[in-house]
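You will see two complexes here that share chain A, one where it goes with chain B and one where it goes with chain C.
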Partner chain A sequence: MKKVMYLEFERCIGCRSCQAACRECGGHDAKERNYVEYIDFFESRQTFPMMCMQCKDPACAKVCPANAIQITEEGVVLSAMEEKCIGCRNCTFGCPFGIPKFDFEENKMYKCDMCYDRTKYDISPMCASVCPSDAIRFIDHDEMMELRRRRTQMNLIEGKKPSENDKWQYVPEFFGVYSD
Partner chain B sequence: MTQFVVKPGVKNLQHDGEKLITTHCCYCGMQCGMHIRVNEKTGKVVGVEPRYDWPVTLGKLCPKGVTAYQTVDHPERITKPLIKKNGKFVESSWTEALDLIEKNFKELQAKHGKDALSVFGGVSMTNEKCYLVGKYARVALGTRYVDYNGRFCMSSAAGGFMKTLGIDRGSTLPWPELEHTDCFFMAGSNTAECHPTTIQWLWKARDKGAKMIVADPRETPTARIADVHLDLKAGTDSALANGLMHLIVKEGYVDEEYVNERCNNYEELKTSVEKFTPEYTSKITGVSVGKLVKAAHIFGRSPRSVVMFARGVEQQSKGVDNVCLYTSMALLRGQIGKFASGVATFTGQGNGQGGREHGQKADALPGYRKIDNPDHVNYVSGVWGIDPAEMPKAGVSAYEMFDEIQKGNIRAMHVICSNPAVSAPNNHYIWDGFKKLDFMVVSDFFLSETAEFADVVLPATTWAEDEGTTTNLEGRVIRIRKVKDPIGDSKTDWEIMKLIAERMGKGSYFNYDNVPQIFEEFRIASKGGKADYSGMTYERIENEDGLFWPCPSEDHPGTPTMFQETFGTPDGKANLAAVDWQEPNENPSDAYPHILTTGRVVFHYLSGTQTRRTDFLMEQCPEPYAEMHPHLASKYALQDGDTVFLETKRGSMSVKARITKAIREDHVFIPYHWGKELSVNKLTNPALDPTSRMPEFKVCAVKLKKA
Partner chain C sequence: MKAIEKSFNSKASMNSFFVVIFLFFTMWIGTGQFTKVDWMLFGYMVASFIFFIGMTVRLTSWVMRPATHEMIKRSIQNMKAKKRQKRNVKAIIKTLIDNIILQKYIFKRGIYRGIQHWLIAWGCIGSLAITFGLTFGWMHFKLVDATTYQVVVFGVPTLKMHPDGLLAGLIFEGLNITATMLLIGVIMAIVRRIKNHDTQVTQRAEFDLVPLYILLAMTGTGLLLTVSYKLLGGWMHPQFQLLHQVTTVLFLVYFPFGKLFHLPIRPMAVAVPMNYQEEPGIDTKECVGCGELYSSDDQITDVQTILGKQMFDFKTNDGHQLSDYCPACRRKIRVMSQLNMKTPFGTSAEPVQTNNGIHIPGFGRERAETFYDAKGEK
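Our next item is the complex of A and B:
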């Protein structure tokens, strides 16, 4: 898998299409694994999507006493294996992004697997496929790096130059999730 | 023809034991491309797969589109005709239902004349069906009373475009060109929630530096990302447009050459905008002078701009004026008929464009012809094989049909593909009208609030159980494919109209065995009209990624960009609007001190008949709410989540308060997708635009109290 998930939070329009689409993925049992939240609805309608970062050294897997969370050769962190998961919920607390969800009826953890049945063929995951605002994208690593430099470029086009006091405004504001 | 259409090199996930059928979403005017997943063994619809290679939407879908397939095999589908006996619906056979319809229709016409019957249509169905509704009313039933729910949705845009440009095509440019636009001026459109898949094009343009100006009383997700948010008071659009044109003229941003060559009324316009100084405009609209000036400069300096609007400006008693004025802004800048620039309205309903062109409207005939034009009547009568003298005269608009019910002129109604019990303004009047009818038939696939009033409910099919074409918001005609056979005893709307026509002794005029036969007749009926589809075939539509009308012959490429050389008016010139601002029909007073406005949320479609039956969408947004500013809320000691009682001159309701600073302090917003006690249309004002006969859903005066 040479592609990365790429999030551009500012673009999110809060439509939750990514969540509806998440339910549509083959192995997802009609349960969504991603989150969309308001930053502060009292102030504005800005929302942002949150999904698994597919960490290189995932905290969820590390804190699992039963070794139930497997990582594929491409680096995708899977849901807990049913036969191994003991339902202790360590993973849900361990993950710094609050991603793994817990199904109390089935007594098992489930989480984003980057639509493994799609991405293993290089087909975009459901959330990135449908996001009408391109807040979530599934793109080449190089394209992502180019996009990260875009903000600086746009500022320069508009004639702004960074100074010591405001150079933070020129820092790329976007976020890439690597699987590899 | 192919069922699964995909371009070389595009990968889709094909599950074992399933097939993919290529079609479009059934909901809004974006008509997003999608493939539907069908289980080959059971024949059931099981899911959706993005259509990455549909050029307008590139696989993107909003949550309604993702879940649209779930209505097809839905457990609440009506699968048999229902007849009301002693106040309760009882399942019946088609013969029994048709017998009853025939008996009542004939008796009522014998007693009260032909016009005792009426048809209330809708535009969430294919062109073939919409075309047939007009013919069904006029030929099968022989009544003048036919109109449709586009009066609540598109008719002001249509009226405004007719006046200024001479032809009503929703967009003068194809959507993918938006990527190259430098400035978007958007008024009364919450694009991010109502046409979400457009947003990708706006971002593509913005990535290259395009600017966005959004006029809306609420800081919608669309307004949030604008360079300038013109937070105007609802109902002051014509003042805003005049004010901006005042600045465009004053600052020398007018494309004089274009205006001199291609437009009428420039001098009149200059005179009429003269008094709209930024200060005067600001006083009426409530938008600060600074914002007005900034917006005018951005818009005026942009080499390529698109003016876009939607129901916010159209659903007003001055909707047509608003459309004419905003369109004139684009004309002053010389934008219409050129690459990546122009004017567009966001068509609300799936086939809002196609459905309004072909004779469902009280005064219209196929191909955008007029019923008061004898040549037009002659032509269409020829296609239908009737004597022109038999063609009924023009009827009245959707809301005015309910006046005719009250007067006793309309005695029976057949509602097709619409739910006016929720979507019409001043609900109590509508409900009362339904009760007054001697006989009422509804064709639908769920038991809508309107269907509950009916004497007979006929089970129609969903969009996935029939084929045909629709015309999306660009004016592009596209293919809807049949995904599966109708469930239970349900029948397509065209079959239903054909069956009733046979009962009325007019079967020979409805001799269709399949949809392509209707399409062939409809091509001829539209030939020579403004909306000319005669050069289109299903093969061409499939091979050419849809075709833009007018397309007058089979070797004509279609017309993605309108008005490149001339406009559709008699003298070929556009008519700039010189119109003053006028107040909304109802204004805040001591008794009703605030402004109530209504609209959509991303999770629901129109009256909610379908989306309120979809789990995911209901989980996201189960009920309406009153959105208001904390400043207004605190006057009534309301906290977020408290129940608030709202009342206008027409009706009242109680809903939960939802508090945010993203709305003007003097406005309350309530989404309209719910029926009965949750319907905000009990409160809305039915004041009609004088030209388009569109009601003023967007502005009325309201009072509140903590419940």
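Our next item is the complex of A and C:
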């Protein structure tokens, strides 16, 4: 995989297209696996999209007692294998970002797998392909670095002012699996 | 115990050794000190030994994972606790009936899948039980007089029956019944995989498909045997027998490494109602951020222990752990730290470091002396 996911939370306009797209994906059973939520509803109407970070060392997989969460050779962290998942929800509580969802009816966990069947071939995941405001993008690693570099110069963030030493901590998240 | 473990290459080899010894012992009893071994079944017998060794190796490594270990530890604790007996019994009975015997949750994923899985599961368990019973000589039939058969289990004579009776019919046809169940189930499973493209996404051939095709070959040749001696007067019987033996050996040897390995894992589902969630969907622990109920105290304690054992550091600035917050709060924490807003998770917006740099060494290699030293310190 040559491309990465790039999230700019404040670009989100709360249209929830990404969730609709996610529901449409094959095998998702019309249930979305991503989130669009308010940062602080009493402060502003700002929303943010949220999906799995595809951690290099995924806490969800490490707390799963059934070893049901598999990682592909590219590094994508997949939904629980249906035959192994015993439905304990350890993964939901272990994940630092609260990503895995749980289906009590069918007794299984399901989570964002970055549309592995698409991204495997460098095709944009469902959510990124429909986002009208580019809050979610699926782009080349170089393009992402360029965007981040520009952001560090623009210094968009309020509050504590980024300095030369830590400016990289203030640019939006990118994730996904890529090899340089 | 430590000395014994040290004399083996690994825990897995130690456990396998004991399992093999135990199997030989049961064989010794069952076959009357090896006098009644059915040499026709020798190939199956060797494969059955390999099956048990494979299962032991896989289960040993599985139980050694911190997450599994922690869950089993808590289950054992709760089993012993006097106060929880009522809950334990209820959890065990409910899981046994709903999840294992009836497999209700699979029927909720679809009637087709439910029927398919139920047939394969019980066909498999039944066939394995009969196969092991016969190959290890745990059970055999004795002719008492011209019209009475007796089932001998571990050398102890039990039931007597008439060879044409219903019970005898069921027992003699046992493998045919389970094989028919398997055949229908496997064909349903293969049809589903061919027709439904969604199932192909995360499937790996060697894990998902190979076991199914081996299963198909095994049941197919097994039933052909029956057809051959019942309907075709033994036509090609020896050839079919060889084929069936080869496919069965393949099946048994491959079993611990394909998707069918979930069979011995499933019973752990009992830990969920027993340890964590008495009633499905009802939580008891409050989120320290928003007060929403999202889990139970015991489960969060276990998750934090497991994370700690694997060097994950998810401490927040307010002295809690990220798992003390509900999933929704955790998602907010991630965004707010990214946007440099005030969150409990430290003042810096540094993304959470999720790579601990620790890699688990492969299996089968001899352990370093330091492993035992570290264990001894505790």
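One rule holds in what follows: the second predicted complex is superposed on the first by the 151 of 180 C-alpha atoms of A that agree within 3 Å, B and C clash if a C-alpha of one lies under 4 Å from a C-alpha of the other, contacts with A are read in each partner's own complex, and residues count from 1 in each chain.
The rule we apply is simple: a residue touches a chain if its C-beta (ideal position, glycine included) is under 8 Å from a C-beta of that chain, and two chains touch if they have at least 3 such contacts.
Just so it is clear, the structure is predicted and the values come from calculations on it, not from any experiment.
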Scan A:F41 for contacts with chain B and chain C and give back first, second, both or neither.
first
- Figure out whether A:E73 sits in contact with chain B (first) or chain C (second), or with both, or with neither. neither
Larger residue footprint on chain A, choosing between chain B and chain C, goes to C
A:V130 in the overlay: touching chain B, chain C, both, or neither? Say first, second, both or neither.
first
- Task: Once the structures are superposed on A, label A:R150 by its partner contacts, choosing first (chain B), second (chain C), both or neither.
- Result: first
| said: According to the stated criteria, A:G26 is in contact with first (chain B), second (chain C), both, or neither; which is it? | reply: both
In the superposed arrangement, does A:D122 touch chain B (first), chain C (second), both or neither?
first
Chain A residues where the chain B and chain C footprints coincide 10, 26, 117, 157-158
The answer for chain A against chain C in the complex is residues 9-10, 26-27, 35, 37, 39-40, 48, 50, 53, 55-59, 62-67, 70, 78-79, 81-84, 86-90, 92-99, 104-108, 113, 116-117, 157-160, 166, 169-170, 172-173
Contacts from chain C onto chain A in the complex sit at residues 62, 65-68, 70-72, 99, 105, 108-109, 197-199, 201-202, 259, 262, 265-266, 268-269, 271-272, 276-277, 280-281, 294-295, 299-300, 302-303, 306-307, 310, 312, 314, 322-323, 325-332, 334-336, 338-341, 347-352, 354-358
The answer for chain A against chain B in the complex is residues 10-11, 13-17, 19-21, 23-24, 26, 41-47, 117-118, 121-124, 126, 129-134, 150, 154, 157-158
Chain A partner, complex, touching residues on chain B are 11-13, 15, 47-48, 50, 52, 59-63, 65-67, 192-193, 196-200, 203, 207, 209, 219-222, 224-225, 602-603, 616-617, 620, 630, 640, 658-662
